[in-house]
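Look at the two complexes coming up: chain A is in both, with chain B in one and chain C in the other.
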Partner chain A sequence: MQPQFSKAEVAHAPEGALVHDDATAKWFLVSSVAYFFIVGIIAVLIAAKFVWPDLMGTMSWLTYGRLRPLHVNGMLFGWLLAADMGLAYYVIPRLCGVKLWSEKLGLATAALWNVIILGAVVTLLAGLNQGWEYAELPWYLDILVVVAWIMFGLNIFLTVATRKHQAMYVTIWYTMGCILWTAFVYLTGNFAVLFTTGTNQANLNWMYVHNAVGLIFTPIGLAIAYYFIPRASNTPLHSHKLSMVGFWSLAFVYVWTGAHHMIHGPISQWLQTIAIAFSVMLLIPVWAVVYNLFATMKGQWHQLRESVPLKFLLSGVVFYLLTCFQGPMHSLRTVSAIVSKTDWIPGHAHMAVLGCFSFFAIAGTYFAVPRIWGKPLHSQALANWSYWMLMIGGLGFFTTLWLGGFWQGWQWNNWSIPFIDTVIALRPIWIVRFVSGILMFIGIVMFAYNILATAMGANEEAAA
Partner chain B sequence: MFKKADNNALWAIGMSLVLFFIGGLLTTVVPPLVDTTWAKPFENHDPSKGITGKVVPLTDLQKKGRAIYVREGCWYCHTQQIRTLLADTKRYGWRGVDAPISTPDEFVYDDPHMFGTKRTGPDLARIGGKYDEQWHRTHFRNPRDLVKGSIMPPYPWIVNNPEEFKAMIAYLQSLGRGKDWRPANDYER
Partner chain C sequence: MVHDFTYPSVYFAYLFFALMFGLAVYFFIRSKHDGYWGERGEDAKYQMFEDDDTHRRVP
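Up next is the complex of A and B:
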């Protein structure tokens, strides 16, 4: 049997036979949506600081250097990873045809995750920063992350082990891959670095930073896209073979590319060349996935008009294609000489994490929350507005930073231009980025309100 | 081989880990064994072999300064690497002398490493000795008093804390000094 949704399976969703508890998914989704909103405020604030550098600048814990790690960690771990985990708790039992192995363990994981995020807020604002990107959290929180991850992994793997359907759909592989790879990638970036210095440490740091996106957010994000695109469009996946090509090439290729963060930098040239070669090979897993998902939508594109989850999902796939075309291109020495270290890079990073993976998570949340609570979404119109706000704000953000970053890179390469002039030149870019950020934030508020109103409305009814 | 992973979870787990570990080990554990300059501090006293100098461990005061640099997140906006680009060596040079390219052997004592990823402000790999203490004092108090158009935040709590300020300056003045590259007309000489 092919492990993909058959037409019959999609038409009569097999969820009716089995009542899922979904308590863990509920807690993860609600808290992640709340953090999306809270950290969104910080995001807008740091965008404003580029335009008005004295804004709230005399309090140490409100300076850019303290808020930026909170923005990055809050969005990555408080919002995105937590939402992805919540969706995994929803999706995996359904694909396995069984209940989640343990809701109790799941709820404990959700509680622990919230402790970690609140701990992160306090420590980062206090300046307790380890000094490695994406690995800023102090060691005691790192250990809690590892414990929470083992609890999450145990629950998912034991659910898979007790599955009713023998064949595993591609979403299950990606989720399992994410859990396994994250374990080692996280240990490298947060613990192995402790035993190294200088270039050696930087190499481990970039292995972690690159693979936090490539082997944590990519596989769990694609797991979500592979489940919700066929599900939301009532269409079977185009090709099982192609999904295999995408998955196994990702497993092999991604981990090699960390050194592309140090092109032209103080690290061995041959290691840079290896990283560049493998970065270009990333096009294989990416194009296999993108073709597969687009081909699934063949003849079904009209559904985008009515379905907000599909709008988010397919826009996310387009952003995935673009961001993963940029990535390999940036790694080339000539391109890197212009765009590296400039404002282009945050434009690129936000397209990956917001435009692609957050769009997938938002789509999954919009799809799953009404089904979990057994209530229609609070407002379809508001959901549609949230899409357009995030889309327009996002595009404004990405494109202005690319243009600005490219311009900045050209100016830096002309060393007769004083550095400060290249800063002053970017002010208009940062104003547009701030305005785009406000639009995105409005989109986040609409999304968060819609989800919480759906959930809380359901609870009120149950109480009455 | 891959087909088997469709139905067999243990097989899928094993395959995912094997494929991951090939690249994982070859790009993290192996490189420092192959390129020994990653672990050997720079030292050269023979001008015929290129630039001279010696990289030494940080003093306690400099380490304290680095901790402040880490705490305040200076490294989010300032890189510390002169790349193999003419633009970097020219722009971060001093009084007509090009800044030497940063090499791994200069950073052996850096923990945490401060290479950075983003240049919202200028690179600081060779900042040591370029500006005196009074300049830094004024600049930390309000960067815009010295550099019109700067978007660096003011850091009055560092300036107003003599111990922290002293440590910070000690760290900044040490940056990039392992290679003896400064011009003869440097004000420090």
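Up next is the complex of A and C:
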């Protein structure tokens, strides 16, 4: 057994211990937390615009059409994927029992990633937008994303290649799966669509959008949950074999589900049916994951009282179950006829990306940052408050949009109601959405301040 | 002259599908071969605790 320490703990490390530098993880985590806060401001602004459409006048770069893609791309790539990559740089070397293959390559990746995100802020606000959901970035930034992803993948794969043990823990499987699947999903969604038109283009785009969640954020999110739930609870995973069932069923099933966004649209019925059938089959990997993680906590639930990372992780698992039950159900033709294109969809998407995967990333960040910097968390109480703000705000946001979405769908299905009346009717829903957004933003501010204060050593300054 | 790349690009996407499907089948069979489904299939979940006691050290 070779003990492992972070560089900040090197003074306490015995001779022969493996000391992790973690420089890349630090850069990714700090920048992702900063983007979480900045893009959170954009999120509140666009929620306010639903209630007060004239807010901020007619300045083109502050219009809804420019701020919304910035919010989506900023949260997906500036916050969540960057945080996930930072946590992968922390987790994978520890699971492999070796140092990261190259910290220099990792730091170059972090620098390039920041260039991409800052480039996205400038181009999207300037209105340079490809016009496809989740693939709004201009082509030159897309190429930089591909380069950065190759650098990330190379570093992780070469670290895994030098691992101490032959057997790989499920977190390594999901991380490597994410790297391979992202390559395929991103290239298809951002480059193959350039050469298509009409229905085929829409179909490819929705395949990309759905697989961006299912084959990028799901595997890397589950990789984090599978590592940090046993770590934070100090309890081995319930079943590694069951985790393999979840991994392989996700690998075989997920890629075919994207066309369920086109139900009742101008695509062939057989393609719609395939998408529905595979969407329902998603219940297999989802239940394999959820049962495994809940069973790991058997006899350990009392730890939730004290551990903020566990609160976020297990709430994230519940949201994962809910969102992955919703997905197959609203892919059915009858349900889709009501909820498709309504506010239900952002309610569902936010529960997946915020309620589940962001909760996992927040938990991982709360766990890893004190250990990387070798300092206690700045404030446990603030961490606890950040959980409750994000949880209460999130629940308000999700449930309001589901109910509002159903209501909106029923109105749309009644042709005697003029469209503008359905917009006016939803104003109370959007007020609750805005208030919930404020609560979530307060939670983000508390989380970001706590993490940055920990990294910058606010406790030490107070003690001095 | 108008160029329509719809079919080549869709076939390009299908090629990726086939590639990913082939890789998934290959690595699934490989995982059986490497013992992830056998008697020692649970070893990996204990290795992480044996090799690293970071979780026990709270700064």
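Throughout what follows, the second predicted complex is superposed on the first by the 441 of 464 C-alpha atoms of A that agree within 3 Å, B and C clash if a C-alpha of one lies under 4 Å from a C-alpha of the other, contacts with A are read in each partner's own complex, and residues count from 1 in each chain.
FYI, contacts are C-beta pairs under 8 Å (C-beta built on N, C-alpha and C of every residue); 3 or more make two chains touch, one makes a residue touch a chain.
Computed from a predicted structure; not experimentally measured.
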| item | value |
| --- | --- |
| Superposed partners chain B and chain C on chain A - clash or fit | clash |
| Partner chain(s) touched by A:Leu180 [first = chain B, second = chain C, both, neither] | both |
| Partner chain(s) touched by A:Ala361 [first = chain B, second = chain C, both, neither] | neither |
| Partner, of chain C and chain B, that touches more residues belonging to chain A | B |
| Partner chain(s) touched by A:His261 [first = chain B, second = chain C, both, neither] | first |
| Contacts of A:Lys164 with chain B and chain C, given as first, second, both or neither | second |
| First, second, both or neither for A:Ile92, with chain B first and chain C second | neither |
| Chain B versus chain C as contact partner of A:Arg231, first or second or both or neither | second |
| Touching partner for A:Ala251 - first (chain B), second (chain C), both, neither | both |
| Which superposed partner A:Gly374 touches (first chain B, second chain C, both, neither) | second |
| First, second, both or neither for A:Leu439, with chain B first and chain C second | neither |
| Where chain A meets both chain C and chain B, residue numbers | 3, 166-168, 180-181, 184, 188, 192-193, 196-198, 200-201, 204, 207, 244, 248, 251-252, 255 |
| Touch list for chain B against partner chain A, complex | 2, 5-7, 9, 12-13, 15-17, 19-24, 26-28, 31-32, 34-35, 37-39, 70-77, 79, 81, 83-88, 90-91, 101-104, 106-122, 143-144, 147-157 |
| Residues on chain A engaged by chain C in the complex (per definition of touch) | 1-6, 9, 94-95, 97, 164-170, 180-181, 184, 187-188, 192-198, 200-201, 204, 207, 227, 230-232, 234, 236-237, 239-241, 244, 248, 251-252, 255, 370-371, 373-376 |
| In the complex, chain C residues that touch chain A | 4-6, 8-10, 12-13, 16-17, 19-20, 23-24, 28, 31, 34-37, 40-59 |
| Contact footprint of chain B on chain A as seen in their complex | 3, 49-50, 53-54, 57-58, 60, 63-66, 68-69, 127-133, 157, 160-161, 166-168, 173, 176-177, 180-181, 184, 188, 192-193, 196-205, 207, 215, 244, 248, 251-256, 258-259, 261-262, 264-268, 271, 274-275, 278, 337, 341-343, 345-346, 412-415, 419-421, 423-424 |
